[in-house]
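Right after this note come the structures.
Here come two complexes built around chain A, the first alongside chain B, the second alongside chain C.
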Partner chain A sequence: MNKIFTLAGVVIKELYRRKDFYVLFVLTAVLTLAAGAVNFFRDEKIVRYVKDICLLLIWISSLVITIVTAARQIPAEREARTIFPLLAKPVSRGQVIAGKFLGCWFATGIALVVFYFFFAVITGSKEQTWPVLTYLEAAWMQWCLLAIVIALVLLGSIYFAAPSSTSTISFIVVAGILLVGGHLHVIALQQPEPMQTVLTFVYYLMPHLEWFYLSDFVIYDFGRVPLLKIAEASVYAAVWTEILLLLAWLGFRRKNLTT
Partner chain B sequence: MSVILQTQKLRVEYRSRELRQPVKVALTGLDLEVHAGEVFGFLGPNGAGKTTTMNVLLGFVPPTSGGASLFGIDVRQPIARQRIGYLPELTYYYKFLTAEELLRFYAKIFGIARTEADRRIDQLLKLVELESARKRPIKSYSKGMQQRVGLAQALINNPDLLILDEPTSGLDPLGRMKVREIIQRLKNEGKTVFFASHELGEVETVCDRVAIIHQGELKAVGTVADISTGHENLEKAFLRIVGYQSIISP
Partner chain C sequence: MKISPLLALTALLALAITLALGLAPDAAGWSRRGKSDNVFALMFGDGRKLFANQFFTMADVYFHSGYYPSIFDKNSGEQKEIISASHGRKETEEDEKNEDFLGKPRDWIDAFGRNFKIAQHTHLEHGNEREILPWLRLAADLDPQKVETYTVGAFFLREHLNRPDQAETFLREGLRNNPDSYEILFELGRLYRESSHDADRARNVWELGVRKFLAQPLDQQKDNKLVFEEIVVNLAHLEDEAGNYGTAIHWLQTALKLSPNPTGLQKQIDAIQKKMAALLPVAPAKLY
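Right, the complex of A and B next:
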């Protein structure tokens, strides 16, 4: 386990020595502050718009950081050939995958903590309330979703050699699941056969990332989600993450790294 | 003498990704043994199969058939690499880390305790003369300095077997001399060194035994004196073994 944490440490170190995170954080902060400073239509409930914009930016920024960071892990190691001195040490390919996953997950966790802290400060200063547990639930669920996304991107990066192609395909897949994933079975009912069966099959086969979207609970003060539901979603995320990491390891295990 | 490194009927084929392209055979049944405490030179022209052999030994490429072992352990087991150090031909290290961080990272991978790791890092940075640059990121190093970091990382676990791929490639005469001295020092400490090189003069100086490989086949193996018998020097013997014909008529 020590080796996995050591590998994860390098991923985190690389992230904070690169500028991606800082650029996205500053961009999120500036856009949120600008949105919060303007009183649209003299609306008393302006804070809802601020929350909506801020959460949307947090979702986009965290997905960008996650996908870009995870997509470059294995391909960049292969391209820079740093994978060779690493694998010449007593470390298995499974440990490399696990270390890369944990590093990306911890790094995105740190990013989420910073983003949600900023979000709490902005909205708290306007509402004078601090629903910390609701924010923690939303952040935790988003972090669970990011675990699935990281595992999915790592799997893609084993087969697509370039980080750019892995990132692009991952963005399309993740955005597709988030936007239409929840409605796919309804869309399927309106389609002729065999499309209906295919779409229904895809609906049950894919990871449902949209289940982790708790922004509406935060924006409209719906209150807290029952803990049991949070636990179920966490287990669901863990199972999907493990399946995707297992597939990544199977692909990476016998891969000839010299070609 | 115990066998440290062994390959048995090692065969490696590379399949082309393009259709109707022939399978490229990189190694055809290579049998090799390296004994404890010897400095073993692995020679061959470009494309002979030296790097492929090293890639199999280090677990980068799976053998098509046959096998290879380090310290009696199949190379496919990561634990087989616990007692080895590897220096690649070019510098492939995390450029955003400092030399000290890189060495600490590899020390952790080997499971070396922190106090021992600190001691070895100090010792190695002194050995490769990078003490003053230890806190600088590797991306700011010159090529020679990066090669020296490579040497330090290869020695971080105090390896019993050192695998070097063209260790003096791209180094200036002083750097070459330093590497030679380190190899000699390791030999005196009873370590085993396996290295691929094109520098036949260097091989002649430091190696106990050499193997010559050509087109994936082992052509000769023995002491430098054995292989050079009947020839002016090792270079002439090497050229004859690989079938070199001069384009200049005598």
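Right, the complex of A and C next:
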């Protein structure tokens, strides 16, 4: 387990050495502050649009950081040929996958904490209310979603040729699931066969990432989701993460690293 | 002949500055966009109207606190509720039932997923209606010719947020951008009557609205009968309150020709006629 945490530590260090996070955080902060500074009809109490914009930026930024960070982990090790001394430590290929996953997950967790802290300060200063538990729920669910995304991207990085293609395909898949995942069954019913069966199959088979989007509860002050449901969704995320990591490990185990 | 590069650079710079000075006054007129005083018009041209519709929809989404049909759900193309609310329409139980676009869960994934999205039909209240205003402001900036933006915004500012001054400013802005809009004039009249209690200004504005409506081609008049009916019925009530019963009956009879509910209007006419009859001097009975 120590080896896995050492590997994870390297990934976390990489996040704060690279500029991705800082650029995206500053961009989010500047756009949110600019939006918050606008005065509509001389009403100082209007706040939901600021929450909406800020959360949208947080979602986009966290997805960019997650996908870009995870996509380059294994290809970068292979390209720099540091994968060989790493495997000669000895560290098993499974530990490499687990270490890279944990590193990316903790790194995105740190990024989420910073983003949500900023969000809470900005909206709290305007609204004068601090629904901390609602924010924690939303952040936790987003972090659970990011675990699935990291596992998915690591799996992609084993099979796709370059980090750029892995990132692009991962973005399309994640955005597709978030936007139409919940409606895929309805779309399937309107299609002729065999498309109907194919889409229905995909609907039941894919990870339902849209469940982890709790921003509406935060924006519209709609209270909290019951903790039992949060726990069930977290288990669901853990199962999907395990499946994808297992598939990544199976692919990586047979991968010829010299080519 | 060999020209020094420094000399060539100086000559080119002088030429560029001369051309810029000469062409600058005309260049402003080359592009229609350059004349625009609206930053969105400058950036997006007519494409901004698409965004305006989206922002207007966002106002309706906020009014429902996120409980809103997507393009995949039934009811996705229905009339925006902020518009019907601004016309004073109250929701019936049947309306509530029709707006339950989610229906019963289709499968376990759908059923479980509903725990993580807003699945309850509510409307903003207790001053929280203010949250729709940024979207209406943006919609008005993006498409100044979208009349509903002004009427809906002014209605919520006046009726729910108790800010008639802001409502009037917004309507005046709308009227500057749409000088022939009887919808805006109707809303302005309501503001004068209900918030400022200024019956004379309300009458003037509504009468102007009637004239604007009648100045339209006939086919357009047919499509917009509802607002016209609202104007004349409100004018009738105003005249009734002022004791001008004859004029009130005239407006109600005008509305009668257009209304889908003529019985209700006829009852109002009968009531006013009774009031008129009661006012007529009674002839003294002969004593002998």
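In the analysis below, the second predicted complex is superposed on the first by the 253 of 259 C-alpha atoms of A that agree within 3 Å, B and C clash if a C-alpha of one lies under 4 Å from a C-alpha of the other, contacts with A are read in each partner's own complex, and residues count from 1 in each chain.
Convention: a residue touches a chain if its C-beta (ideal position, glycine included) is under 8 Å from a C-beta of that chain, and two chains touch if they have at least 3 such contacts.
This structure is a prediction, so every number in the text was calculated from the model and none was measured.
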Simultaneous placement of chain C and chain B on chain A, clash or fit: fit
Chain B versus chain C as contact partner of A:256, first or second or both or neither: first
Touched partner set for A:85, first chain B, second chain C, both or neither: first
First, second, both or neither for A:203, with chain B first and chain C second: second
Touching partner for A:226 - first (chain B), second (chain C), both, neither: second
First, second, both or neither for A:17, with chain B first and chain C second: first
First (chain B), second (chain C), both or neither touched by A:212: second
Chain B and chain C, minimum CA distance [Å, superposed model]: 41
Shared contact residues on chain A - chain B and chain C: none
Residues of chain A that touch chain C when the two form their complex: 38, 40-43, 45-49, 141, 180, 182-183, 185-187, 203-204, 208, 210-214, 216-217, 219-220, 222, 225-226, 229, 232-233
Complex contact set, residues of chain A against chain B: 2-3, 6-7, 9-10, 13-14, 17-18, 80-92, 95, 254, 256-259
Sites on chain B touched by chain A in the complex: 14, 51, 55, 58-62, 78-82, 84, 86, 88, 90, 92-97, 101, 105-106, 108-111, 150, 153, 163
Residues on chain C engaged by chain A in the complex (per definition of touch): 62, 65-66, 70, 72-73, 106-107, 109-110, 112-113, 115-118, 127, 130-131, 133-135, 137, 157, 161, 163, 166, 170
